[in-house]
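Beneath this line is the structure, given in structure tokens, with notes to follow.
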Amino acid sequence: MNAIDSAVWHRPTAALASRYASVRARTEALAAPLSAEDQCIQSMPDASPAKWHRAHTTWFFETFLLLPHSPGYRRLNEDYAFLFNSYYEAGGPRHDRPRRGMLTRPSAAEVSAYRTHVDATMEGLLREPPGEAAALVELGLQHEEQHQELLLTDILHALAQNPLLPAYDPAWREPTAAEGPAQFLAGPEGVAEIGNPGTAGFAFDNEQPRHRTYLQPYRIADRLVTNAEWLGFIDDGGYRNALLWMSAGWAARAAGGWEAPFHWHRRDGAWFQYGLGGLRPLDPAAPVRHISWYEAEAFARWAGKRLPTEAEWEAAAALPRLRDAEGVAWQWTGSAYRPYPGFRPWVGAVGEYNGKFMAQQMVLRGGSLATPPGHSRATYRNFFPPESRWQFTGLRLAEDAA
Amino acid sequence: MNAIDSAVWHRPTAALASRYASVRARTEALAAPLSAEDQCIQSMPDASPAKWHRAHTTWFFETFLLLPHSPGYRRLNEDYAFLFNSYYEAGGPRHDRPRRGMLTRPSAAEVSAYRTHVDATMEGLLREPPGEAAALVELGLQHEEQHQELLLTDILHALAQNPLLPAYDPAWREPTAAEGPAQFLAGPEGVAEIGNPGTAGFAFDNEQPRHRTYLQPYRIADRLVTNAEWLGFIDDGGYRNALLWMSAGWAARAAGGWEAPFHWHRRDGAWFQYGLGGLRPLDPAAPVRHISWYEAEAFARWAGKRLPTEAEWEAAAALPRLRDAEGVAWQWTGSAYRPYPGFRPWVGAVGEYNGKFMAQQMVLRGGSLATPPGHSRATYRNFFPPESRWQFTGLRLAEDAA
Amino acid sequence: MNAIDSAVWHRPTAALASRYASVRARTEALAAPLSAEDQCIQSMPDASPAKWHRAHTTWFFETFLLLPHSPGYRRLNEDYAFLFNSYYEAGGPRHDRPRRGMLTRPSAAEVSAYRTHVDATMEGLLREPPGEAAALVELGLQHEEQHQELLLTDILHALAQNPLLPAYDPAWREPTAAEGPAQFLAGPEGVAEIGNPGTAGFAFDNEQPRHRTYLQPYRIADRLVTNAEWLGFIDDGGYRNALLWMSAGWAARAAGGWEAPFHWHRRDGAWFQYGLGGLRPLDPAAPVRHISWYEAEAFARWAGKRLPTEAEWEAAAALPRLRDAEGVAWQWTGSAYRPYPGFRPWVGAVGEYNGKFMAQQMVLRGGSLATPPGHSRATYRNFFPPESRWQFTGLRLAEDAA
Amino acid sequence: MNAIDSAVWHRPTAALASRYASVRARTEALAAPLSAEDQCIQSMPDASPAKWHRAHTTWFFETFLLLPHSPGYRRLNEDYAFLFNSYYEAGGPRHDRPRRGMLTRPSAAEVSAYRTHVDATMEGLLREPPGEAAALVELGLQHEEQHQELLLTDILHALAQNPLLPAYDPAWREPTAAEGPAQFLAGPEGVAEIGNPGTAGFAFDNEQPRHRTYLQPYRIADRLVTNAEWLGFIDDGGYRNALLWMSAGWAARAAGGWEAPFHWHRRDGAWFQYGLGGLRPLDPAAPVRHISWYEAEAFARWAGKRLPTEAEWEAAAALPRLRDAEGVAWQWTGSAYRPYPGFRPWVGAVGEYNGKFMAQQMVLRGGSLATPPGHSRATYRNFFPPESRWQFTGLRLAEDAA
């Protein structure tokens, strides 16, 4: 039994209302630089329009909080139940994911009105939230934080389709990351415990339960791989040497025409990187980003290293010298995304939240420059298919110690 | 030699300026009901965003009139040359057609500014247009009129992707068409002349030259096929009887899941038709629209008739009793779109205007409810691939007389 | 009314039986160089295995002759009705065309037995064929002759998939064609009659009726375009100049990676041509073959000429100086394949023979080195989609005379 | 360092020669029921023609044994190096995998000659095999045994494309499997060792090294899931309930039209199963086969259980009461195919054997009715993508014990 209303998520009522207001406002702040047109397009099936992210997170509160817990509440618009459900089979039929970009209506302004309407009703609910609702509110906020990151990654992908390569925010600042030679830190050996106990604040079901695993001797780099190191891989023919790659990765490389990380542009012999701040000269010292798992894995082989497993990563996160664990780039691990021993999806409609994606994806750990502050943690399990490149994805190397 | 600056298109300078203003304003009026988001999306590779239509028609004047004929003119934005060229190979590289919907920037407002800028410069040019320019201005206006129709057909397709089926204009009025039983009129037999002599106002190169052809005895219906008649085809299993169809049409039917004309919806046992005015009950007396050539051809076979050739259609257009030749729906003919004997494309960059599309398309004649008044004529040759359904396409039946 | 049993096809009974034996034996002779494996594969959906051609032509006699006209006849194998029907909707369900290559069973040997069985029964029928059957026998033989050509074109395509480029018959001799500079012959002008009257031997329904058409003044080359001339097109950048091509052709070129005719190979700087005799040095004097309509049309534009219409070709076929009308290569025309005025498909099951393919195909005239002797004629209409290259297709140029 | 010539694989010279002859003969015996046509076709890109399996296994001995270790040996045919290399990048360019079915030549008879030729030379080599060669011979034989199983699974898939559903061997006998209610056996808990130590006979690199892992308390079924149990899943709507499925599996189900295991046919209300013996009534007591991982995983969820991890499976293999560990069906596990801690691919050309496939595949354990006797073992790791159904794949359930 893994009920969503675990007591540990509860916050004082006032704190919850404040956090609600803050998270919701942050979403709007992220969307503020975007025109109605920017918010409407969908540049690939895996991405969603910014407007849709804003509406879907609102639908979540309307569906899972207001309808069951706010007596007399009726949906602002019955059509929204169909348009803004993402993937909840239990939530009834829904609009085709790859067609989200066709929704010119409701407009961005109507979505703003939807957000305002739901927020106003939520404000009332949050004055005296029923016990079983508080945990769902927290889940809704965590959910919205996840979509905040997706809003940024998706709009970066969308704007990248424009040959003018417009900036989302010309003043966007990339994070500074650890520099200097990588040190390989010895990780703990033997039986270790990983996973979230679920007794100290919010955690997703997929991080639980905390459980024992066995770690062979290993070492892990204290910083992320840099653009300069990646240039070494490119210059050494890394993208042209099949022996470095997984077979499926070699095929993905060919199909995608990969010759460098996503968003790298070569102009007049110099490398540039497109990002939320627009097109800028490539910073050699910055951690490499926008690489697929296949590329990360091939790079590691080229470097004579390997990717850490997610257990190794999590165990190493406790090491005081491990740098850039969060806030720079998600870090591909060598682990496929599968349930932990003893995994129980949440009960009820939100049980579809994580479990049904535990196939054909690889785990990433850490957190990126686009991850909302405080959202990630050492036990957090992010996951994407191995060919994905549009997220803020990088890598940290590891090796066997024995 | 088929120079574009044929003297016959010349209008008095004042009339040309007035017509320029009128056509340009009409485009804006057509776009007025559309939000910036509506104007941005591209719902299939064959369609273009409304914003793109507005910009491309402006690019046409900038490229073919202002740059060569307005001394000192520079493009408002050099990027627009790349973004808003449609298919002119001679005009240099251009943005991929299927990716036009990714252009959230320039915004609809920036496109408005572009139009204003070009119009202002054109205003000057039109005060004393050089002789060779006047014909190109007329071509630009004819071109813009064509895009006015496409703007409507494309936005109808785009809004149709929205499950809410929004109306472009709730007050939109469908044309009234001829009613009553169809009469089959005897067409002229023997050697006939068709095609445009090019000596009486504007005509496209593909309508020329006027030339002799031979007509076998035939009869042609005095009105278009109606929705009621099409329901008879459906009810008689027309969509399920392979023997009525071209082999390629039968495959297109299966691939598209066709069971009725495009934009027909069956709800609770009744038929509705979606159009620019939104979803309305199907009008049995109205001419059928949004059918592919394959469907039109199969219907004609089912009815024991056939489609008229384009020569038959054009010869019949002179018959006083032929109704709804224009203004209701484009009428599929049995003729493939190929050059007339003696066809010469225009010289220069606009030579790509029509000629390179003379493969794998079928000719339509007449004009639709979306065709700008005065734009079409009896010699006008419209053309689309036989599987196209998103245009305002209908049919008129014919038969052998002998 | 266009009944298949037109009296004009009748031959004396003895002659018909002899012709039957001869045509059937020729098919087997063509298949003789092929192993069971060669006969089994299908190298693309548009092609069929050699074994299938042998079985399908046999099915035709079984279905349209033996079942209706040979009392008591039962199919040798009921499954064959499903497996070897090609496209006759009226003939019931059938095996998917693109999956013909999956039929390892029945074996080539079983197909031989099928042919022997049907031939034996046909022998009896042919001793005293009922009146309505004789015409169907002739149709069956004409049909088998068409498949003889397809057997050769399809096996050439199939063997071309093998990187070893094996020869079908190392002793295969290519036809000799007219040489020397092309002369442009003046064609007849004014009202002309084309089409087959159907009163002098076999003709397909699509060649009929003979009817009037109108020819503008034109000239037509007395020989086919040669490989040497095609090399000039290549060397002049013909495959890289979009302005020479139909828009759809330019796209087909890109999708297919066309840089030369199909089956041309460049090795160590020299051109070779793969054919039924294997890989041989390109013969500059030979007529170009294995070109699509798009390539032919682009070549003609490059040469400052055009393709003849099918009416022009047919009218010119009567000119004494027109060379290589038959026996060398099918000649693309500028005419789309549409029904003649007054066209009536045959009645009954064979009515599907030609009519349902009259969309999206271009007419070819003449006949190729693979066409059975005596099979073609001046009114014969062959047809393929404009991107097809695996047939023995070439071109003859024409131009306006005025 | 993980050299292929590990001393532990060595067999006495006489035994090795005898085993060579036996394995090679078994391949030929498996191909004996197949005609040359049967051996030629490739029914999907993932499958290979039987003839190709016979040639490729021979190429393996020629390339890795005869060329380096048999002085003066030259390839029987240099083209075979290109045609019959499977996926060894280090082995040079090779024929496209999806086009293997286009190779009508060399013929099946020529492949027989190739086998005879290589066997004769190998016979000499095996009289006094150099030390480093003996291990490669064993690898070649293990490799050929793997292809023996693939030959059977691939020919089953190929013959299944034929609407006649021919039998590979009408006398084929399905294995008998454990019956009666499933008992759930308690597995070992705590630190366990899995993997092959590589010191007791042949083992693939991917089974090594033996290493420690941690097992949570679990129970595992003592027999495989049966067809009768699978019918319960079907009848309970298992194929129509999205909540039971991985999201990617639900999509695969829709794309493939899955409503039952592969090779199940419903005729007149009764279920039949197609197999190497032809179409037979479904045996309810037999273990279910030809299911994808997605189906297995959904079934387990429906049953309130889960799939065992590969570590659980391997640890349970030592339990005396575990039935049908081998010889019936490969058993999907919940583990993604990734390298073991400390994994080292073999050095040299055969290093590509396993490692580069360790992405996007799931591990299967056990062995099937088509696995050569003695080929599998408790540490054996088989792997296929989760949508694969053409192998002899079944499942065994597990559950948490705590």
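To keep things simple, chains are lettered A, B, C and D as they appear, and every chain counts its residues starting from 1.
As a convention for this text, a residue touches a chain if its C-beta (ideal position, glycine included) is under 8 Å from a C-beta of that chain, and two chains touch if they have at least 3 such contacts.
All figures in this text were calculated on a predicted structure; none of them were measured in a lab.
S.K.: Once the contact rule is applied, which chains count as partners of both chain C and chain D?
M.R.: Neighbours common to chain C and chain D are absent.
S.K.: Please report the smallest number of touch steps linking chain B to chain D.
M.R.: The least step count works out to 2.
S.K.: Go ahead and note the Å separation of the Cα centroids belonging to chain B and chain C.
M.R.: Chain centres of chain B and chain C, defined by C-alpha means, are spaced 36 Å apart.
S.K.: Mind checking the centre-to-centre distance between chain A and chain B? Centres are C-alpha means, answer in whole Å.
M.R.: Distance between chain centres, rounded to whole Å: 46 Å.
S.K.: Taking each chain's centre as the mean of its CA atoms, how far is chain A from chain C in angstrom?
M.R.: So the centroids are 58 Å from each other.
S.K.: Quick check on the complex: what are the chain A residues that touch chain D?
M.R.: Spelled out, the residues of chain A in touch with chain D are 87, 89-90, 191, 211-214, 216, 242-243, 245-250, 293-294, 297, 334-336, 338-339, 341-342, 352, 356-360, 386, 400, 402.
S.K.: Would you tell me which residues of chain A are touching chain B in their complex?
M.R.: Against chain B, the touching part of chain A is residues 35-41, 43, 79, 82-83, 95, 99, 101-105, 107-108, 158-159, 161-164, 166.
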